[in-house]
């Protein structure tokens, strides 16, 4: 198999405007973005609290969070399957094999990243930021938002990382989405399918799309951050 | 004339030992105070306590003649403390000055007017477009002073405002401090600066071994 | 810590609460009742059969059939758990067990094709000369070449296990590779290792990547590979789309369905043969 041939075939499919291909891309984006939107507020809030507050069991929680970063996606998928299956405790919600289930899965996978990275970000911020905010009369919410804003580049990195994990994972999406054509088939599950069919060109094409997406998102983040003068 | 901020006794215990044990203390409106004392004598701690950023045992706390218990939020809003090396938010000069106003819920037009006034007052209008991270030490100090002053606090506490500044910056900062005193505000400046100490009409307070003495 | 949360709870902002309730409402909406969920094996999906077959049915019923493909074992598991409305698999013994255990109703034969043994053109194990599939497996167990097994409880895997059992062989050793992968991946692996494997004809013909494997043994009646379709028991899972499942089963075994199956070809070759119907 000629790698050059496979790649040129891949580009042909990409720019040929294949409707199925772009449908798959849309599912990837939709599920990852919604999953991230759901996980971001609690994830960032937890990271902030862990950085700012001292309480009993804090260290345990931090260690737990950091271990979850390495949690295999297939296991998350399996556990979710057992919960969401009609056979299982949350079966009545009829969520299995839907995009909603995938969104939940992505949110769960992104959550530890958002928390752990935000924790880092806030710890890395100037400790005077919070005190200055408070001394100027900011309440706890405003002070929190101010600190997060001061650490915004690192917090953005948390979000991008979380998004990266969500959009590039396959184990969980496959297990609870079911890889249903036109419904729960996203880029990564499609790559798995095409590979199992020996359709390597299609698989590479989808992989390239994923890379381009990732580049695009990182690029626009960099633009938003402007000069990125501070850390 | 009753004091703006007065207390009978203030004690700060660290590890069982009384780091500060002073009183009575009375800060009058329109009066400038210079707080001197060796490094480690507790000047910064005293300022932080007065600003409500740190706790201490205080007896007989009064504001404008009214007794106060604890250190309620409304009292904290009347007292602002500016750090030795003030932290400016990485937004803009105007946003920094507007910060406290926003936190207090001041509306858009009124807020803008106050900010513009404060920017002029501090003499930083030429620097409006400069990101705060690129300001010199003196410029940052002036923005921090403007940020504190704009809140209309009645007591302003400054911790070593002229340390690490060149002579021109120091002169500008000292000029601002004098302006503040004329605004019927009580200003307390903790410092070693000879020029500040020898300003006319300034009351010197010396902190040593946890006790505060007025120096005539 | 507690105080912080209490404070935050009190000043909870409206937009967040709104977002949360919208999400919960969306979750609560049930899936469209007219759509049918079908769990099937990778051989039917990957060969492209369903892609050609199902749109014909969807046009008739005005509904959508959602296909979840996995190994037979997994597909039947989805059926047992009530996660799909109907299953289409090819492992007779497992299907019968499924029925006797009461998980499914209305099992019908749908179609068949055959299993084949593939391997390197040079055929070091010499199975081209075997007189029966069991003899071929015995030859393979001598261990001169690698044999790659699905190892995943799929229809193919179960058939393979039957052959080993009948040959009186318990396959182990360096020559026996239990991959735990789908058929496509196993074909690639066998190609790379210049080894043998058992596959269904449809997947082998449809597999796009070059493996360098040739068909070395086929045609033994024991290699007959029938497919069955089963609706999940409505008594066990009343919430499923039972009507849809029964309707699909009726169609796929009807003359129209059989015609569609027979009409599906790849490189001019017919891959699935419909079970002859009553009329």
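The first chain written gets the first letter, and so on, giving A, B and C; residue counts start at 1 in each chain.
Definition applied: a residue touches a chain if its C-beta (ideal position, glycine included) is under 8 Å from a C-beta of that chain, and two chains touch if they have at least 3 such contacts.
What you see is a predicted model, and the numbers here were worked out from it, not measured in a lab.
Student: So if I look at the partners of chain A and the partners of chain B, which chains show up in both lists?
Tutor: The shared contacts of chain A and chain B amount to nothing, since no chain touches both.
Student: So which chain ends up closest to the centre of the protein, judged by Cα positions averaged per chain?
Tutor: Central chain: A.
Student: Quick one: which pair of chains has the most contacts?
Tutor: Most contacting pair of chains: A-C.
Student: Report, in whole Å, the distance between the mean C-alpha point of chain A and the mean C-alpha point of chain B.
Tutor: Inter-chain centre distance comes to 45 Å.
Student: Could you grab the centroid distance between chain A and chain C? Build each centroid from C-alpha atoms only and quote it in angstrom.
Tutor: Taking the average C-alpha coordinate of chain A and of chain C, the gap between them is 31 Å.
Student: Taking the mean of the C-alpha atoms as each chain's centre, how many Å separate chain B from chain C?
Tutor: Roughly 76 Å separates the two chain centres.
Student: Send over the residues of chain C in touch with two or more other chains.
Tutor: In chain C, nothing touches at least two other chains.
Student: Multi-chain contacts in chain A: which residues touch at least two other chains?
Tutor: Residues 139 of chain A touch two or more partner chains.
Student: Can you tell me which positions in chain B touch chain A when the two form their complex?
Tutor: Spelled out, the residues of chain B in touch with chain A are 51, 53, 76-77, 80-81, 83, 86-87, 89-91, 99-100, 103-104, 131, 133, 147-148, 151.
Student: How about chain A: which of its residues touch chain C in the complex?
Tutor: 1, 38, 41, 49, 53, 55, 85-88, 91, 93-98, 100, 139-141, 178-183, 193, 195-200
Student: In the complex formed with chain B, which residues of chain A make contact?
Tutor: Residues in contact with chain B: 126, 128-129, 131-139, 142, 146, 149-150, 229-230.
Student: Please give the residue numbers of chain C that touch chain A in the complex, ascending.
Tutor: Chain C reaches chain A through residues 1, 4, 7-8, 11, 16, 23, 26-28, 30-31, 37, 42, 46, 51, 64, 66-69, 80-84, 182-185, 187-188, 206-211, 237, 239-240.
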